[in-house]
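Each structure below is given as structure tokens.
Two complexes follow with subunit A in common, the first pairing it with subunit B and the second with subunit C.
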Partner chain A sequence: MTKTKLIAAGVSALALSVASPALAQIKIGASLAVTGPAAFLGDPEAKTLEMLVEEINAQGGINGEEVELVLYDDGADPNKARTFATRLIEEDEVVAVIGGTSTGATMAMVPLFEDYEIPFISLAGAVVIIEPTKEYVFKTPHTDRMACRKIFEDITARGLSKVGLISGTGGFGKSMREQCMSVAEESGVEIVADETYGPNDADMTPQLTNIAGTDGIEAIVNPGFGQGPAVVTRNYDQLGIEVPFYQSHGVASDSFIELAGDAAEGVRLPATPLLIPDQLAEDDPQREPVQSYIAAYEEQYGESPSTFGGYAYDAFHLLVDAIERAGSSDPQAIRDALEETEGHAGVTGVYTFGPDDHLGLDLSSFRMLEIQDGGWVPVEQ
Partner chain B sequence: MNPALRTFLILAALVVAGALIFPSSYYYRVGTLVWINTLAVTGIVVLLGYVGLVSLGHAGFFAIGAYATAILPSYGVPSVLAAILGAAGAGLLAAIVGRPILRLSGYYLAIATLGLGMLIWMVLSKEAWLTGGPDGMTVMGANARDLFKLVGLNLRSAESWYWVTGTFAVLGAVLAVNLGNSPWGRALRAIHDSDVAASSLGIDVAKAKSMAFTISAVYAAVAGALLALANGYITPEVGGFMHSVEMVTMAVLGGAASVFGALVGALILTALPQVLTVFADYEHMILGAVMVLTMILMRRGLVPALVDLAKRRRK
Partner chain C sequence: MSELLQFLVSGVTVGAIYAAVALGFTMIYNASGVVNFAQGEFVVIGGLTAAFLIAMGVPVFLAAVLAVVAGTVVGILLYRLAIRPAREAPLVSLIIITIGASIFLRGAMQMVFDKQIHRYDGFSGETPLRFAGATILPQSLWIIFGSFAVFVFLAWFMSRTRAGRGIRATASNRLAAALVGINTRWAMNLSFALSAAVGALAGVLSTPVTFTSYDVGVLIALKGFSATMLGGVGSPQGALVGGLLIGLIESLTAGYISSDYKDAAAFIVILVVLFVRPEGLFGKKLTERV
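For the complex of A and B:
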């Protein structure tokens, strides 16, 4: 009896030592656009991930295992992204991947993760990433469709319905314009004017004059990215247009207020709580992550974090949370745990995934903000 | 040995050697990209190396091949036919615009081809209903795996694309070498040396240039179609200016005069960035240094310079 016990103990000890090598590690991969045209998105994402990995290892890792981040710079090139995804899976043998700063890079990688059954959290915006739902693919940013819904919700709450669109022709503006058109009717809003401008245009007064001259116009919405929306905002102010003016989440940063100056007063836009860390209610579940993210990022890099870095923050914490709950770093177990995520408060929103919902955000995670005295003020109905 | 046969044997041996030493799909993936780029750059060699014409718009033709392969299947055209139509379309466009554009030379020609490439890129990124716009589109259809399943081989996707693209690169190279050694190829070289002398020998210079332009456009389009199929997703960046520059750079770096130059250029500029990820911060600096040094020390490109060196040693 003692002998068999002894053998059993010996065998299990052996099994243990084989199962958990001295330096247990969890390898997480990332392919981001750290350089190139989308670097202003990818750079804060990469910095955020590096900071978080350092932080979690200082706290003893996940389930006692050290985290290693393998990060590649795909420059938003889908071709490179696909190569790096192959490399992450085959060579680096990561258990999960965060990334795809741009929609193109994400979509080029998606078939690989489906094929190799590795969970993947994208940081890109488009709806096609999670619609139709793909088993191993999740994403953290809001979709532009949700931004349109949020804006229209606010417009109808003010008792208005006739909307004029002025959209940029870049990828962001174009995609959001289409989404706004498609959700207008169900949101109880009518698009009565539809104008566009090029990404480098310096004056949008003709388009705005057209919109302002449209019969019964009650609100103007500007889906766009970069400097275009700032120009539109200045022109709107110069023309003295009275109807309410909405920007998109694409310009939700302090630099927009700097670019547009006083003309930005009264402009409303949907944004993440990252812009209003101090105005969040004490019992707001997002208060804690938002404030700790901002504090840590500012201390590490000496600059304010951006909305895009926030997407990476959420992706990483969703992953850590899933690995902790799964109690294992097996890709299949991580995926399953990820899908069961419920009420995870991140900086972008509160995530609840499900078999048919790999975005996990609802409209309440968007805050409608108004620019007042050069700062952000939440508008709540 | 017949130069075409020699080219065939060397390249085919390289394709097989790659397959023998590659440990994982990742290597096959990089290998696939090398062969696709080799094919596209072989087209540049025909244009730049044989005739001496610079095109900064070849990514446009590349993109036509890629987008034809992506778009046409949604209208019921099988992928392979779509790729062929894309190549034919690119060739036709090159033949039509080639005549007027190729009257220009030097910088003027470079700018005209640049404009052509930009126009194609603009159509791809603006016509979102057709091309998906700046976000790109998914490529449905043929997977090379199915091809190998027909003969009872079950390969991983990356591996099967490696063999398909390798085959195309070898065939493309053999074809280009044969063209170069035909009377027609000699006519092209004569034009390279002097337009006037060539036409006084009875060569129809305009026609020959237009033919070379068309052929190199078809090379680019076929490479584009292969990339679209192998990647399963494309964005307008395949037709972007930087991609045109990249193709010309590969040709010049390797040596624009020969198809081996195309291979070496494609290999270095495709594989080196993968090696350099370890020094991510210095990647661009090292790549830049390699190119500057090559241009200063080996003006005709790596392959001709190394061949010269080998010959001198033998003496």
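For the complex of A and C:
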């Protein structure tokens, strides 16, 4: 090392020690896919966390201690995520970690948090994250299995039972298709048609023609993500199919209505209350968090928050709540307090964790919505 | 019966898109022997430009023309800035340059446009036309008609016009073409411009049906390239027939066998054809004189 470099290193070390505030600090880590293929998920998550940390510090922190967020961008790459997890634990010495935008990144980090006994709240969807229950691992988004159950519950409530599936072959569609197949029987529906399509296919009318031509078909469900579901919805409309049509929570956003246009009218899907902030009942426990999150996000970033940002909102508030109740920022105490969370109203749902339940949501947190006149309307049940 | 008709309608619509992309490949190949892997990006540039202009309130047909012009300009720039400076390099290097260009264009589109999925309404409305129990979108007729028009134009242009023959002469032997007075640089320029215009037109026509976003170019190019190989590289007839065949095989497989196997079925047919006729359905046998 040259002399100047040495001096530079010394100066920066000095600057660091000067910069460290007098307040005690709670360090929270995060590894999210801010860029890369899952950026549309990770970007709102990161923005949400940054906004919330700023907000809570302006209010005097947690238990009088300032919060510091250490955020890394793993680009949804499991290898990077694992490296960042190690860095968060060993170098940054965080007390808890939020993140893993994708299931792959999450599962790569899980063993580390289990070994080092650091509480970890994932923002990814798959069931494997919390099943079997892992002592230090929690998650905030609904699972695709719950989405299938919710859809089937609505189908049977309409007195229908014979369902045709048309699923995307991307990760999301594939996983949800499997879950739907596995819960169909216990939910009282029968899968009578099972078709697939590629993520960039231009026309799904052959598959839909087959489904519509299946004997006794009563409803169609389309697990998928991205542009596929919008094409399927348009093809469904083009063919003039009459049976009820269900989309998944994967396309629960206003852009789906824009892409599918008039064809989306009458389509139902399970979603979080974030889509219907003004239609929540006065006494709905989620009304307050949903409205305040939307207002704060819009003010900060000038755009509407997404469902995915909502997962980060819930993860952060669950963590803050646990630290406050524990009265300590010791990782073990945070984990224990997290597990005792009861009736915590977030934007995604109302969380009640337990020793065997690290997701803490039940089906009632999903709202069944129908698209009417280009907007979302809750289905009365 | 109405089922079969629906499968055929779907196959021809999708096949016409593949054919339009394949015709773009054919154009550049005919002039330079280069397989242009940025062809899918031309399609996306056409679609995205049209989508953004229409969203800004530009009338649909003006937006369509401007989008094709934008694609053409990018095609010319690609040739001027990336291909021409390396014209002495071997063919393989030029092909690799087009792969680099496609990655660059994808990144540039992320910045110029955005990462969202876009579409706009079909040119003749959205009400499907019904006949004999099958339905077709008016936009699909535009796509099918557009692909045929491009094919007819290219077939005429390449064989009947001086400029088209110049392009073919340039491809078969650039030195000899230059010696007999053909402006080979101009011929290359023209072929890149035409091919980009064809790609952008394909994007403009297909976006109301297929949607578009900055990153779909790779998959579009893959299907278009398969159609080119099946039909025979360098033959406009081949591109048209190859595209339609792949579209029909996919839709019939999805309809009668299983949608899980539709991509596999298309590729199996391509493999079989290439085993039997390595030059493709309409390709000319190449003999190298040593």
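Assume the second predicted complex is superposed on the first by the 359 of 381 C-alpha atoms of A that agree within 3 Å, B and C clash if a C-alpha of one lies under 4 Å from a C-alpha of the other, contacts with A are read in each partner's own complex, and residues count from 1 in each chain.
Criterion: a contact is a pair of C-beta atoms (placed from the backbone, for glycine too) under 8 Å apart; a residue touches a chain by one contact, two chains touch by 3 or more.
For clarity, every value in this text was computed on a predicted model and none was experimentally measured.
In the superposed model, A:D203 makes contact with subunit C only, not with subunit B. In the superposed model, A:P78 lies in contact with subunit B only, and not with subunit C.
Of the two partner chains, subunit B is the only one touched by A:M107; subunit C is not.
In the superposition on chain A, contact of A:L239 is made with subunit C only, not with subunit B. Applying the stated contact rule after C-alpha superposition, one finds that A:R87 touches subunit B and leaves subunit C untouched. When both complexes are overlaid on chain A, the residue A:G168 reaches neither subunit B nor subunit C. On subunit A, the surface touched by subunit B in one complex and the surface touched by subunit C in the other have no residue in common. Taken in their complex, subunit B has these residues touching subunit A: 24-26, 29-30, 33, 125-126, 128, 133-136, 138, 157-158, 227, 231-235, 237-238, 273-274, 277, 280, 284. On the subunit A side of its complex with subunit C, the touching residues are 39-40, 195-203, 205-207, 209-210, 213, 226-227, 230-231, 237-240, 255, 259, 261-262. The touching residues of subunit C, when paired with subunit A in their complex, are 3, 6-7, 9-11, 13-14, 17, 115-117, 119, 121, 126, 128, 130, 135, 137, 206, 209-211, 213, 216, 219-220, 251-252, 254-255, 259-260, 263. Residues 34-35, 72-73, 77-80, 82-83, 86-87, 89-91, 102-104, 107-108, 110-111, 115, 126, 128, 169-171, 174-175, 178 of subunit A are the ones that touch subunit B when the two sit in their complex.
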